[in-house]
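What follows is a set of structures to go through.
Below, chain A partners chain B and then partners chain C, in two separate complexes.
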Partner chain A sequence: MKKLKDKIEDLFDNVIINDFYQNRIFVKTNKESVVSLLNYLKELGYDHLALVSCVDHVEENEFELVYILSAYIHNEHENQEKTNIIIKTRISREKAKFTSIINLFENAEPYEREIFELFGVDFVGHPRLKPLFLEINYETPPFRKDFDTRKFVDDFFANIPIIEEIEDEK
Partner chain B sequence: MDRNQIGKWLRSPQKMSNKYSLHAVYFCTGCGIIEIPPSITTRWDAERFGIIPAPNPRQANLFLITGYVSLKTLKAIIRTYEQMLEPKYTVGFGSCPINGGMYWDSYNTIKKLDKYIPIDGWIAGCMPRPEAIFVAVTHLWTLIEKDMATGYIKYRKNYKQYRANQEKIYGSLDWPPLYK
Partner chain C sequence: MRKLEMYFGPQHLGMVGNFSITLQVEGDRILEAEANPGYLHRGFEKLMEQRTWMQNFPLVCRINVVEPDHIELIYAMGVEKLAGIEVPERGKYIRSIYCELARVASHLFGLWAYANMLGFDTVANWAMYHRDLLLDLFEELTGARVYHIYIRPGGVRRDFPAGFEDKIVKTLHKIGSKVPDYNSTFFENKLFEKRAKGIGKISLQEAINMGAVGHAIKALGMKYDIRKIEPYAAYDQVDWNVPTRKDGDAFSRLLAIRDDMIESVHMIFKLIDKMPKKGDVYTKTPNPFKWRIPDGEAYVRCESSRGELGLYIVSDGGLNPYRVHFRTPSYSHGLTILEKALVGENIADVGNIMISFYVVAPEIDR
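Up next is the complex of A and B:
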């Protein structure tokens, strides 16, 4: 039987696979083939999307989106490997945009909303892309590396005046 | 009853009963709430000091703010505080409500809580031990006895300033002002 690594390499170009660690496969790919790769892996039985995350590479002006997949049930008859699959892809940081994968994995919804709110990545095809956690609007999304928290604290919280007590009229 | 205190009871029964029946709102924020279950149950037994957790803010008069206050929690804190009946006392618990603590440069955490609601006393430390709660409570007794725990009167008097500060954070609040 073919190993999972070879199966993916046969079907997809532009993938770099690293299976150095036990029970873990890192797949680096370009942004066009992420959705088809996720679709393929879901059909293979890796039907649990554990996480969608985002990493800000500010020097390279790129965001890295991370998808972690695993299988709920380990199917030994079909020689399915018991492993976590970590899919990484890079997107541009300017006007960051990516395809939503809600049609494939429904539980991606809160993750994508979170990334939209904290990193400012626009997910095309997401039905409810609106703020999830934050109460106020920030000019730069706060998890971006170029968001200066200390400057924000000085501008925003330090400018709120201390309560001055009104003295009683005698 | 302590015989020495009979005079005090006769002079100001209301003050004495406020003092010995502090009902704390069971409001959890931040990590300090982990100190509350041991202090209200058998290990430290807060009922010795007349403190008992109240199920809702309308039956409570002690508000322990037990940790960092994020912008979302502040909204809930203001609403809870405004629902409590007078006289009401607030105690900031831990170093985060005092000046932000370890979240001093966080984008989403309030730095000085007494800009938004009045605080009668602070407990410093990260984390304060349950004993520190009782030290604070005995201090609060003294303050109540000497008419110094007047946070709720301050709130009523300077409500415009408090409301302005609250609105500065959120832009607009979705409930009407408590006082005119």
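Up next is the complex of A and C:
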């Protein structure tokens, strides 16, 4: 695990690596080197994309994209599969935009669609960036921290007209 | 031949759960498939940001209706990792036994769905009955049949009642005595073989590219099981194997599920034998209304009956989680793999393939 840390630090500038839990490596990097870092790790054998997530840091006006990688068992003595690599990068919240990684990992497709829908991050190069879960369009994407759920519920459901009671026909 | 657009679900006899697939067909061959989730989206991850760490337990178990226990476990593991809580020895064993029981119950439910789909009603009814016996055990232990809310950060809610281990053994023997019948009526039945062999086949390279986990990858010969890779609870205390198959079609997936179930039952017997007879089952945690967890982030994972289940959890030092994101196995099975595996298959096999991948809609939508 120490070796991998050194390798990444040698090849890429602007990376901050933490390993405060066992078997977990947290890599912070700038947005330009994420794709090449993912590509490099995939070639090293970290070929399982477990999760793509997004965290809204509203006070710093930034989104944090999180890519979690691990490895399938290819080489039993190397114990690669025990390690999770968590790659994090910050992008601006205004007109949020990032590169799609579908050609690297196919299962990133629904994750990117979900983040597009719930956080409003535009993934360039995604073939079908359309809503995944939601039925209506929201002004503010609903998983952003500045989306007020209570206000939305009050406004939305107060506007539904009350159905008048139908009198029983006797 | 004319091309048609067809809807499979949410209102369809062959559909299990609130999920829909749009199919482009020519004759009865599928040219293209598109999965449409969202019928069950409840925004749990957003709701959890507004509730305290303990209040989230009744929410998380509803993420997977069929086996809520592993979701409870993963959330408790995430909180423990952030707060630095250790689980006492007996608590770990109880967690393992309880999760293995949940795995067997969930596999039996899956077997019910699959057998029902193919028209094996007898087998389906047996599976449902045997699942019900396990639900009785859960009811005695936790007071609830489906959503147990039994696991908590630091251990489990309460100890086994007196004589409960014997009851588990007795029930599992009762179910186990039916395995030859299951084999002769279903797993060794030519009808099952004809319907399932070569159906929904994916190659190992495709499976790796699309993030297959659980029995979908075990049916391709890879021993990818988080219980072995990164043992949690008491899985490193006993000896057990990861059963695998070779072909990667619906047939070998179902057999992988059966083998997994049998292995789980053997594991429970071993765990009960080795379990410490006395001791605490949970570590005390602070008052839940004032419980602040130091800021940090963690990724934890466990093996649910569908495969690798993960949780990315962030705390900002407050009373509530700052962000939670569940990595559920059905997500890539149901959205990425299913769309690929359905192309070129027959319309009659859509449900067959879907259930052989064990797609559970609430897990996708959350």
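Please note the rule applied: the second predicted complex is superposed on the first by the 155 of 170 C-alpha atoms of A that agree within 3 Å, B and C clash if a C-alpha of one lies under 4 Å from a C-alpha of the other, contacts with A are read in each partner's own complex, and residues count from 1 in each chain.
The rule we apply is simple: contacts are C-beta pairs under 8 Å (C-beta built on N, C-alpha and C of every residue); 3 or more make two chains touch, one makes a residue touch a chain.
Everything numeric here is computed off the predicted structure, so don't read it as measured data.
Visitor: In the overlaid three-chain picture, which partner chain does A:Phe157 touch, first (chain B) or second (chain C), both, or neither?
Guide: After superposing on A, A:Phe157 lies in contact with chain B but is clear of chain C.
Visitor: Touch test for A:Thr149: chain B only (first), chain C only (second), both, or neither?
Guide: Both partners, chain B and chain C.
Visitor: State whether chain B or chain C is in contact with more residues of chain A in the superposed arrangement.
Guide: Looking at chain A, the partner in contact with more of its residues is C.
Visitor: If we overlay the two complexes on their shared chain A, which of chain B and chain C does A:Tyr21 touch? Say first, second, both or neither.
Guide: Touch status of A:Tyr21: second partner only.
Visitor: Just checking: does A:Tyr138 make contact with chain B only, chain C only, both, or neither of them? Give me first, second, both or neither.
Guide: A:Tyr138 contacts chain B only, not chain C.
Visitor: Determine where on chain A the residues touched by chain B overlap those touched by chain C, and list them.
Guide: In chain A, positions 133-135, 142, 149 sit in both the chain B and chain C interfaces.
Visitor: Which chain B residues qualify as touching chain A in the complex?
Guide: 71-72, 75, 104-108, 110-112, 114-115, 118, 154, 157-158, 161-162, 165, 168-171
Visitor: For the complex, which residues does chain A have touching chain B?
Guide: Within the complex, chain A contacts chain B at residues 133-136, 138, 142, 147, 149-150, 152-153, 157-166.
Visitor: Spell out the residues on chain C that touch chain A in their complex, using ranges where they run on.
Guide: Per the touch definition, chain C meets chain A at residues 37-38, 41, 43, 45-46, 50, 81, 208-211, 217, 222-224, 229-230, 296-299, 301, 308, 310, 312, 314, 322-323, 325, 327, 331-332, 335-336, 365.
Visitor: For the complex, which residues does chain A have touching chain C?
Guide: Spelled out, the residues of chain A in touch with chain C are 20-21, 23-24, 26, 47-51, 53, 55-56, 66, 68, 72-73, 81-82, 84, 86, 105-107, 109-111, 132-135, 142-143, 149.
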